[in-house]
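Below you'll find the structure, written out as structure tokens, and then a few comments.
Per-chain numbering from 1; labels A, B and C assigned in written order.
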Amino acid sequence: MADIRRRYKKPNLRLWLAGGWIALALAAALLAPWIAPHDPLTQDLLYGRLPPFWIEGAEPGFWLGTDSLGRDLLSRLIHGARIAFMVAFAAAIAACLVGSTLGLVAGYFGGWADRIISRIVDIWMSFPPVLFAILLIAVLGTGLHSVIIAIAVIDWTRFCRVIRAEAMVQARMDYVESAHIAGFGRVKTMIDEVLPNVLPSIIALLSLEMGIAIIVEAILSFVNLSVATDDPTWGGIIAEGRLSIHQAWWVLVFPLVALFLTVLSFSQLGEGLKQRFDPVLR
Amino acid sequence: MTDCLAITNLSATLPDGQRLLRSVNVNVAPGEVRALVGESGAGKSMLSKAVLGVLPVSVKIVEGDIWLQGNDLGRLTAAKRRQAVAASIALIPQDPLTALNPSRRIGPQMTDRLVKILGWDQTRADERVRTLLDEVHIRDGERVLRAYPHELSGGMRQRVLIAAAFAAEPKLIIADEPTTALDVTVQKQILRLIAEMQRLHGTAILFVTHDLGVVAKISQNVTILYGGMVVEEGAVDQLFANPQHPYTRALLAATPRYTDPEASLLPVDQSVLSDLAKAVETADRDWMSSHGG
Amino acid sequence: MMQRIVIRLLTMLVTLFGVAVVVFIVIRIAPGDPIAMMLPPGATDADIDRLRALYGLDKSLFEQFFIWFWGILQGDFGTSISLRQDVLGLVLERLPATLELSILALFIAVLFGGFLAIVGARERGTAIESGIDVINGAALSIPDFLWGLVLILFFGVLIPIFGITGRVSPRLDLPFDTQFYLFESILRLRFDLTKDLLSHLFMPALALALPLAAIIAQLLKQSLKEVLELDYIVLARVKGFSETQVILREALKNAALPTLTLIGVQFTFLIGGTVIIERLFSYEGLGNLAIDAVINRDLPLIQGIVLVFAMLFVLINLAVDLSYALLNPRLRHG
């Protein structure tokens, strides 16, 4: 009993917290040029390595301090959120479109379509993602578009596997049968009857995937394989902070916290949505 | 003479307060074979689990004592209790297919208790186990000792488990429906074997079963359980010839092998069951009021 | 059994050949010209052609593949474009560092995860088990990259007790003949060096190990709890063995099989993770080299590294398969 009650209550608070943080970060990303207190690229060596506001030696106006080149950390984080969310949305949606479509086709039609798609997914997933990413970036060259393509190319399998399994269950349901008998075509039935029923899972996976995409972007920009310009990215700021960790810990800590909260929020949101939508758990 | 096992007034409950055992009294004298009979859910395996100390975590003993060889098990620490049980009780489990560890050879599984718990040396334990395999009519004992469980048939495994149960000369063996999982032909052999081993070693046996037909073949005394309560008990001959309780009568009527194999089975009468349900209710009410609600 | 091994070895070779083909093709269709990038601006077309011929890039794809593949069979992986050194030499020099890191990480993960699983199974249904579930959940939802950063902050800066940069303190003299520093330091009884190496290894290894430890703890605890319901466990309890003895002697081996398969797959992922973690901790291993190779678009080096990783993965899968058979008597005889 206690177990069921916990399941009911907890996700709601968690969902609200996670959703709230994502809304906040998303707003900051969209409004970055207007709300960032400083230009994220302006260097001022006189203001290098200023600590955050509550520590002695902080300058008013630089709330979270500055990095070793005197760039305002808060402004860089806000502008970094722009890139993070851009990658998250573009890559996750691309992976979702490819993966869900193939999954739906494999699960609904079965037969040889299923055999071919499943086999491809198996081969795809046997390759460790990090190496896969390296190979892809080596081929595509560095840059934001390569990061997005790489994530989509690697992670479509996540969608494909889950959606295939769910579409398979749906395809055996009576209402699909009756749609057939009523004379609707296979593709139309798939889109009208099966898709709406697997949509909750797609949305939940999409949220999980966005968290993953943000981490991957941070990792790739950390190792300098993402954006080529000096546009601020969370991974880039972390790399910078890693170098000056003994002189200015805040340059590492704040982007790390931002990354942590965002990734955790996306995964909580995904888990929460899955539980909410899942008729069995609900 | 002290009883080998004395269960007095034992009650066990689930966390929500539901009683699984309702003030049960069962005694087993040294060398006695007592059958514990009941349908599934009657509490017979709860009772044997309570004695063995392997109750599920959620089930709590709330009242009553279990005396083993004159020791009150409830007063012992967990470790002492385990030792006491290991020293004087053995178990013949229900399903020989799952009662042997699939990744260990038979030999070590038979001797580990003798060596690790009772402190015998390995040679003596090996010697003992070989003798017992002889007694349960396993001819190629050496091969069996080296085999893995999956290489033996179900009947063979049950023989091994019977041999292992008698290995340390326990005072009491709890046989938990030892023939239920076997084929009918094998059932008879195993039953005969347990009876034979019992006569040879003089061990007391608490024979748990749902089958009254088996009871007549193996035991002198019988306790009949329903809904965690003792319904009737007594010597097998008397009880079978002159059952006092309507439920016992109904059970006997539903057992073809004892009365007449040709006769049709009589389902237990509905009125008998509803009377029993009322009796259970009354017992619970009395118990609740005597235990302060 | 023997037949099983032979079949596995053959599939392994086919897989490796497949990987070689894929890697070769994927890299050749890459846009951008690595040769043009090597030369200073203002180089003539003739210069470019000469260099192209030097690296064999002027031949047809098919020819290039067979030249390259024949070379690989003879241990010639080509020459790194950015470092102008033999690829195999470079890879072999860095591989031991990565192996030591991954194996230590695996060791930590198994120890940690196994311990949590056993404690959790022993204390099933109590607050201790719930606590372990919470720890697992946290360790799982945070990727190794973030764990690495957290560890750097806590044990590199806040309480600086472990090394967070490089493989060994730079001031030390290293008397080693091989690149297996940790292994060799133990063999040479130079425990001062072992200590320094371990201090540098521990943080990156822990970052890699935590997510895997959580996976192991979760799965093994689940299988242990299932096994602990079985009849032969009840029989062992009745025999007088304590709960801990029952878990260690009777349950663990049978419950370990599904976890073992999982560890195989997850270990290859862990090795993949070394790429980032090595970068994060400036650890001079294969992964760090791989990132440099990608930044420099050093195609021969990337090929070599990917092939070596692929070989490692295939070997790990083989090892898991064999140990699975060894642990399961049914397979051993069948």
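Going forward, a contact is a pair of C-beta atoms (placed from the backbone, for glycine too) under 8 Å apart; a residue touches a chain by one contact, two chains touch by 3 or more.
Remember, it's a predicted structure, so these values are computed and weren't measured experimentally.
Visitor: Any idea which chain sits dead centre by C-alpha averages?
Guide: C
Visitor: Please identify which chain has its centre, taken as the mean of its CA atoms, farthest from the centre of chain C.
Guide: For chain C, the chain whose C-alpha mean is farthest off is B.
Visitor: Measuring from the mean C-alpha position of chain B to the mean C-alpha position of chain C, what distance in angstrom results?
Guide: One centre to the other, that is 52 Å.
Visitor: Nearest whole angstrom, what separates the Cα centre of chain A from the Cα centre of chain C?
Guide: 25
Visitor: Could you tell me the distance, in whole angstrom, between the mean C-alpha positions of chain A and chain B?
Guide: 59
Visitor: Scan chain A for residues touching two or more other chains and write them down.
Guide: Touching at least two other chains: none.
Visitor: For chain C, which residues count as touching chain A in their complex?
Guide: 23, 26-27, 29-32, 141-143, 145-146, 149-150, 152-153, 156-157, 268-269, 271-273, 275-276, 279-280, 290-291, 293-295, 297, 299, 302, 306, 309, 313
Visitor: In the complex, go through chain C and note every residue touching chain B.
Guide: 124-125, 230-232, 234-242, 249-250, 253-254, 327-330, 333
Visitor: What residues of chain A sit close enough to touch chain C in their complex?
Guide: For this pair, the touching residues of chain A are 128-131, 134-135, 137-142, 215, 218-219, 222-225, 238, 242, 245-246, 249, 252-253, 256, 259-260, 263-264, 267.
Visitor: Would you tell me which residues of chain B are touching chain C in their complex?
Guide: 52-54, 57-58, 79, 82-83, 85-87, 89-91, 93-95, 98-104, 112-113, 116-117, 148, 150-151, 161
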